[in-house]
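Pasting a structure below so you can have a look.
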């Protein structure tokens, strides 16, 4: 089973202060810690587990600048066999559609049985790359996958629906599956893994090697053009309670008492 | 000159940081601080990922890196949680180091892989009730009888003594020789041998998850091939050993200082007084700037000493400077971190006083700061 | 007259709320731009749904086929691409749901029409389409323009617009299915219902919701004690279920349950919209989070910027004190 996993190097923003930069079109990246997109983390782990069970290879691919090497190395350290980085200054400004086109060029001539992507990315949250890539490759896909069983050239997967409901669908291989968090428990990077990863080369391909033209990538090749970023207007703002923990606890207790909740 | 970690070292730093941030939680730190218990399960988990065998060669199931890489790991462990960090970074203390340098192939193959894999822990017993910094004479004796050595005496303040599977014990093997340090040797012993009894020491100020104890040795018989290296070379092996391990103590100190600094920094950002975050007050912000500067200086001394060691240019003065300075910085920074927290800093569940209590040991063990200064001066006198 | 399509979403015999939410926005856009609103309904034996939907739009385009019995992105894509090519609507709205996420991107790529996903607002200026969406877990809003095209596709975030009320008497237009065979590469097998039993968080009056800020499974007893003190039960956001610390029947949010307790205490929950949608209608919301900019504070009534581990023990004590005083 040869599996390709598309990964993205994203800033960790759940607990970080986010500031919009002076262009108003992106955020200030300085000071943010970048890491593998959370959904992709599960996707890589799932691929490595399948490889460990059934044999084959896992190749991770990203579109990004040299900084993204650290995400690729992390994947290699956790068991991926090969890493490819697609990089070109012209890729700047690409939306998910353009990214999918870039990935498509790199992937179309590679051998694979499965392609995994994260169900979405934690930064832009488009949830588009996987199914678009499937369409460009002319193969089936299933999104929001929470469980995978492989047999006889078919992937039988559980898709997450709303409200705790799941559905089981079967897709013929080769296929693209977009992986939902919680499908497994991603392993830690081990020192043994790093030793192995450092011996592996990261293959870098640019626009010409991929046979792409300028109007297919970047803003020109995208569906979406960002006009401006802004801080969401506050619909309602909580009343903040200050003081020592004891004072705050007392204030909460008073509120609960007043409402008859205690 | 090159002042940056290489890619591989950065990967190591990231991996250990991620592991520690998820596993070495402050709540767990507080729990083990109160229990005074070694976090064995976590030690094994860290070991399986290779974090406790950085410097052990691959042929003995280790990672084959140098002291600098080990320092990176130790620093991150102590940054995340000073007590658990110290305990886990000392889990297979010194025994692999000594055996790798002076052990027989048989000793190496038997003892090092279990330590590298975290299946065993070890202790090195030098200090005695009457001999702390001065190990030039040991009251513990080893006397040859047939093909065995019979060991008698007692050891004090021995890290891991109550939990260790393997021991290395420094003994006087020649009572007559002058100076006495020319008559000392190292012996291997194992848990469960008759005549070896460990007692747990309670009530330490800090690093409570790191278990310390005393050893009572009464007619402990070890086979003659448990002698490590040459007879009567024990003192020299021990001094040479400290050249490396003292640097990891400096790394512990740097990590503890860094962890306390980050707690203080975040607290100052969020704590509001007189209507603004206290980090906006110069009294606080200058403190933080000084703390950060000192930590950086301590880190550079530590990394340089480790680098010299890895280059085969181990420099006792550089080692002692790193240890003495980093441990002092750890005391100062952790103290200021409490101060910035005000009254809360004095409370256990704000997780900052623990850094201060733990940091103190770095000025004491593996040679007190005063001993480091003697070493520094001895070398300076020779050089200048 | 150009059309605006709303793709009706239904599952297991029910039209899903997102359909009516999209109708609200679709109607507003249609009126502003003088276009015609049409609901597109695909399925097998769904005439009842068509009737319901005809009360919400001028037109219901109904395509019935037994091959459309269950949602299957492959069959849906075929039918919709056929319909869009033929009728060239300016805009097609699809829910940003597990259904829409499986369908919209590949449909857009196959037709090469621009798509923007997970939108919280959209407007048509001349024939250009502007959308509003969020990034970085809701910390930043983005205004974006779609590349100029004849037809656009947008997926709409759930619970962003109010549900449209029935006000029309539209026409049902039956369109023959263009499908000649079953989907070749993708097959629906069955639904998997959440396991029965466990705790029903939708019935609880007091919920203590926990998120990433809880840090470690070993901290669960602490918050469990608080829930107990309040006579409530523990609920959680997605990461807690992903880590296996609580079963998924405790999950609040789009992929979990929607709750409306009298009191919801959010501990260490940043407030990603998926979670917020499941709890924002609680009577009283109190949120504790270390990050003063956490989105949870814009739905909470009271906010506490502090480490939850500092607040929870004190709060628990205070509640027991109060109870003791009462007794």
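By letter and in written order, the chains are A, B and C; residue numbering begins at 1 in each of them.
The rule is simple: contacts are C-beta pairs under 8 Å (C-beta built on N, C-alpha and C of every residue); 3 or more make two chains touch, one makes a residue touch a chain.
In this text, all values refer to a predicted model and were calculated from it rather than measured experimentally.
Among the chains present, the centre nearest to the common Cα mean is that of A.
Chains A-C form the pair with the most C-beta pairs in contact.
If you average the Cα atoms of chain A and of chain C, the two centres end up 20 Å apart. A separation of 40 Å divides the Cα centre of chain A from that of chain B.
Distance between chain centres (mean CA atoms), chain B to chain C: 53 Å. Among the residues of chain B, those in touch with two or more other chains are 22.
The set of chain C residues that touch two or more partner chains comprises 290, 305, 310. Across the complex, chain C meets chain B through its residues 215-216, 218-219, 290, 292, 305, 309-310. Those residues of chain C lying in contact with chain A across their complex are 11, 16, 70, 72-74, 96-99, 101-102, 104-106, 108-110, 114-118, 130-131, 133-147, 158, 184-194, 206, 212, 230, 238-239, 241-244, 248-249, 251, 254-258, 262-263, 270, 284-287, 290-291, 293, 295, 297-306, 310-311, 314-315, 317-319, 321-323, 326. By the touch rule above, chain A contacts chain C in their complex via residues 11, 13-15, 17-18, 20, 27, 96-97, 100, 119, 122-132, 134-136, 139-144, 156, 158-172, 175, 181-182, 185, 222-241, 245-246, 248-250, 252-253, 255-257, 259, 261-262.
Here chain B touches chain A in the complex through residues 7-8, 10-12, 14-15, 18-19, 22, 48-51, 53-54, 63-65, 272, going by the rule given at the top. On chain B, the positions that touch chain C within their shared complex are 22, 25, 27-28, 31, 270, 349-350.
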